[in-house]
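Naming follows writing order (A, B, C and D), and every chain is counted from residue 1.
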Amino acid sequence: MVFWKRTLPVAITFMLGITFMLQYYVPHPASEALLREVSVWNQIIAGFAVILGVASLLQSHAQKIKRKAPGWGYSVVMYASMCSMLGFGIWSEGKGEGTAFGWLYTYTLVPLQATMFSLLAFFVASAAYRAFRARSPQATVLLLAAVLVMWGRVPLGEYLLPGIGQVSDWIMNIPNTAAQRGILIGISLGAIATSIKIICGIERAHLGGGQE
Amino acid sequence: MHDLARRLLGLDRRWIFLVIAFGTVLPLLYPLGLPIRVSPEVRKIYDYIERLPPGGVLVLSFDFEPAGKPELFPMAVALLHHAFQNNLKIVGVTLWPAGTGLAESILSQVAQEHGKVRGIDYTFLGYAPGEANAVISMGQDLSAAFPADHYGTKITDLPILQGIRSLRDVHYVISLSVGFPGIDTWYVYGKEKYGFELGGGCTAVSAPRFYPLLNTGQINGLIGGLRGAAEYEVLLAREGKAIAGMDAQSTTHFLIIVLLALCNFFSVFTRQTGRTRYR
Amino acid sequence: MHGSSWGLGTSEGHPEERGSSFIIFFLLFLPLCFLCLPVVAREAPLEFNLEAFDMPGDGGGSIGLRWQFPPLAQLDHPSSYVYRIFMSAQQDGEWRQLAEFPTNTYYESEVSSPWWVWGAKSPARHFFQIKSNSDLQLANGKLYFFKVVLTDGQHTVASVVASAVPQANLFNWAKLNNLVFMLAFSATVLLWIRRARRNPHIFLRRIPGLDAVEEAVGRATEMGRPILYLTGSGELGGSGDPSNLSTIAATIILGEVAKRTASYGAALQIPHRAAIVMAICQEIVKEAYLAAGRPDTYKEDMNFFITADQFAYTAAVDGIMLRERPAANFFMGYYYAESLLLAETGATTGAIQIAGTDAEHQLPFFIAACDYTLIGEELYAASAYLSREPTLVGPLRSQDIGKGFLLVAMVLGSLLMTIGELLGTPVLRTALEIFSDFK
Amino acid sequence: MNTETLIGAWVATGLSLFVYSFLYKDNPYFKLGEHIFVGVSLGYILTITYHEVIVKKLYVPLVEQGQWWLIIPALLGLLLLTRFLPPIAWLSRIAFAFILGVSSGVAIPRQLSSFILQQVQGTIKPFVTAGDGGSVWVSPATLNTLLLLVGVVSVLVYFFFSVEHSGAVRQVARLGIYFLMVSFGAAFGYTVMARMSLLIDRFDELILYASPAYGYATLVLLGAVVAGLIWWERGQLRP
């Protein structure tokens, strides 16, 4: 059983990992056809992965309803709105224009999600007033750069202080680019190292799930 | 003074919420119409589209969901107007499932205004799952990635895609991205191998991250946030939602700057002594 | 040198076949190559020396043509001349015109291909690539014939006929540097993981933020107030979750904090959003109290579950901060929008705040609202430093080596480039192509 | 204006105001809005995935075009779902092994090319510009090149963990932290910009819906939500 549960998955990852790592260097049509086919396969599997992600959320809400945990009524609302969206969606074959499915999307999902995120505007403002203090030289530099960029990126700022727009452009293009490039190189080395660990079976967090 | 400062800092934050709400609503009701300067990174995308031959194919990837709509919707509208004016062909696609509806409606609305025909002048391929895999399969073979477009027409039957077998054959790709997958996905798994020209539009939150790619020419231009969209509208001389929002953007930015200044002013009086700072 | 083969006008020595041996060759004799650059046609008048070859490193269906500038000055009106490219499937039949362009375009020097594939690019040569497209199909393995014609409409001068066979190649030599770097870095990672297994005490510098833990716990003990520790919004549920790494790091750092609270006797509170993370944290805290010799003071309810819901969780934690006024707040792991609300409330209660996250959008806010922030990789480094886990320490070390290498390459490269510019020679710029990306 | 749009405007306004009621405090209206949001977005994502992936990319090619080999990814996809059946949950590992093997392999050389080689190549530039006739000069552009190099190098040094930060290394790392802070400051400014844009868009729409054409939807519903909150607060006060 250890073979099926541990050895086989590690072997599959290793073989595919090496194959597709080397595929990159091989321009031969056969190798390109392999990449084409597998990328289509992965798209299909990704579709199932979406279901997997959704299902675990549904499970936790189902348990809440079953146990009649506090606020279980909201979970019922969640299920009801999901089912109506799904029902209309299947009925209209996923087409949005002129269907009930499209209406639900435009007048519930779009305003709700956009409004949820716009709450952050208020939170940023109150945090700016109550928490963002220049508590060290570094934080001071951060806040000064923030003020320059906020000032320079709006018409009123450029109207009040001509030339500040170019200053904020320069901040974005030189010091910001330098720092982001350093971060990017560091992160990419980390990501490559992680991929190597996964291919070699050293990193196996993804193989959790199910008892040993 | 110490007590007063402390009390002021401890102000109920709902007052601040109210200030921000008014700072947003007033300029929307009574706009000032201040001039907007166009930055080079936005102009580069505009110029590139200007230089594309009529009939050239532009792939517009709507890599966002409703949360990105406020910033990316005006951008998409401006880009579509520009492309349709120049008689480019538009192929729409999205890497985000929740972006499907928005992409579908923006495309058909703007196309209608220009009297363009679906299937000949534009089409929407729909949602491509699998992030990196989506871009790779489009780069390898468009008809394998999308057997049919969003409306169910077989890819091979679409007049717009005659002669377009993969991303290698398109003239320009612009990803309007709200996060990952987005511009980086289109570069790393797309342009890197298939060699098309790539431009980017993104929410302001992710814009700073793309400057290294802009600097190396990995993306040939960047439209960042509502401000970027407003600059594009200025270039097109077509006032839209982005230009209309710029005055409110000005007031809210200055409100935040004032709040930050007040916070730091008051905290001078309340700063506890004896706390070590690290770094 | 191979300069002699250029005049042959056949497909023999195309770059792909020469590739492997020439790499070593060029590495050793690079300076010599450049001495051979000025091979301008001095022989017969209007000799093109046309050469056709399979384009290296592609899937086939493509042929490259290159030829030397003919001495245009011999012609009456040089500027009125254009080049025309012809192709045929037979040596002497049915020529098809593929392209027409002015004589001052399509130079070989414009080709973007590294020296280890292309050799020296002569400024005195033209280059034109023929590719399969919807009108034109070049079949792999089939012989095709080409000629170049110089014409002003009345007078025409034709080159000799050159031929080549398009082929699907097995290796893209332009990517050689990529492959070498990839193999070298992979080997470094695996080697250092092995070394770390044998000796887990490889030197890692102490992360200054960890010193703050000591002070924060001490202060909490003095004031008789609790310490609040959050592990973020990561789930540890499945695969591919970007928050996994930082959540694991957060649980490891929790172990360190718990050891301190155990030995000082300070209270510790860890509110949770994810059940799996909570179960792991319970184990970690229990072990830490055991290790500190104070299992008696460990309480099961140090870890407690609030709700998975983002804003309800945030509101509840804010409530705890306002009621219990913890002496120190730790925000480790992955965070979304809740970071603002948490850090703000914590700052108003006057607690020492220590944050650590790789959530880039939240970092600026944490830095502005907290006393100490572990930035991105520092969080992983802190967890490697504390846990001494070989699979964390090894890659960290190898990444440092990678960074060091790139850093030296960038500094030396820029200096060499500057020297090249001062001396007016392209040699150094060409040599530095090993750090460039080619398609 | 047709009835659908009018009803839509009222629904959208009501839900937006439910969400904004969180600014007062966490309350049942917000929770209601939040759960409707989670529900509709899950429903939407499932629908799109079903039509665009399961039907268009799997069912049609498999059944109608006879691409029988697509049965393999379909089976792998089903294996993924065994996670919910504890006795055979381990089968999902095979599917994860497949996805991760391919995506890790595909990612390594591409990231090396895109984010390391391209970025290093973009940093290696001369500090001087050569002009005609052997003249060489330093311009603001070349100074920026130098600054960029200094920034990248010092940030990389800051993120060195196997070298003690003392002496010269310490100085360079300190410089690196300041580059990082400027960049985070820029990110801070841009994030504020983004959040404010979201708010502007929402308020723009709410103002539109407050017009007589939409039956003063925003004003009426604002009144209703405030009244509802007062009623709820009173209920909370009662024991």
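By definition in this document, a residue touches a chain if its C-beta (ideal position, glycine included) is under 8 Å from a C-beta of that chain, and two chains touch if they have at least 3 such contacts.
Here the structure is a predicted model, which means the values were calculated and not measured.
Asks: Max contacts between which two chains?
Replies: By number of C-beta pairs in contact, the leading chain pair is A-D.
Asks: With chain centres defined as mean CA positions, report which chain is farthest from chain C.
Replies: It is B.
Asks: If you average the CA atoms of chain C and of chain D, how far apart do the two points sit, in angstrom?
Replies: 21
Asks: Where the centres are mean C-alpha positions, what is the separation of chain A from chain B, in Å?
Replies: Their C-alpha centroids are separated by 16 Å.
Asks: So what's the Cα centroid distance for chain A and chain D, whole Å?
Replies: 5
Asks: Could you work out how far the Cα centre of chain B sits from that of chain D, in whole Å?
Replies: Spacing between the chain centres: roughly 12 Å.
Asks: Got the chain B residues that touch at least 2 other chains?
Replies: Correct list: 9, 17, 20-21, 24, 67, 69-70, 97-98, 100-101, 128-129, 133, 136, 150, 152, 193, 205, 207-209, 212, 215, 227, 249, 252-253, 256, 277, 279.
Asks: Which residues does chain A have that touch at least 2 chains other than itself?
Replies: In chain A, residues 21, 24-25, 32, 35, 37, 40, 42-47, 50, 52, 93-94, 105-106, 109-114, 116-122, 124, 126, 128, 130-133, 135, 138-139, 142-143, 146-147, 150, 153, 172-173, 176-177, 180-181, 183-187, 189, 192, 196, 206, 209 touch at least two other chains, as defined above.
Asks: Could you say which residues in chain D touch two or more other chains, in rising order?
Replies: 22-23, 31, 34, 41, 44-45, 48-49, 52-53, 57, 83, 96, 99-100, 103, 106-116, 118-123, 148-149, 152-153, 156, 159, 177, 180-181, 183-188, 190-193, 196, 198-199, 201-202, in rising order.
Asks: Please name which positions on chain C make contact with chain A in the complex.
Replies: Contact set of chain C toward chain A: 57-60, 140, 168-172, 175, 178-179, 182, 185-186, 189-190, 193, 237-240, 244-245, 308, 337, 340-341, 343-344, 346-348, 360, 364-365, 367-369, 371, 376-377, 380, 391, 395, 398-399, 402-403, 406.
Asks: Contact residues on chain C for chain B in the complex?
Replies: Answer in residue numbers: 134, 208-209, 211-212, 215, 348, 350, 352, 360-361, 371-372, 439.
Asks: If we count contacts the way the header does, which residues on chain A are in touch with chain D in the complex?
Replies: 4-5, 8-10, 12-21, 23-25, 35, 37-38, 40-52, 54-55, 57-59, 71, 74-75, 77-86, 89-90, 93-94, 101, 103-122, 124, 128, 138-139, 141-150, 153, 168, 171-189, 191-192, 195-196, 198-199, 206-207, 209-211
Asks: So in the complex, which bits of chain B are touching chain C?
Replies: Per the touch definition, chain B meets chain C at residues 9-10, 163, 193, 195, 205, 209, 272, 275-279.
Asks: Mind listing the chain D positions that touch chain C in their complex?
Replies: Within the complex, chain D touches chain C at residues 22, 25-26, 30-31, 34, 83, 96, 99-100, 108-109, 112-114, 116-118, 120-121, 123-130, 134, 136, 145, 149, 152-153, 156-157, 159-165, 180-181, 184-185, 187-188, 191.
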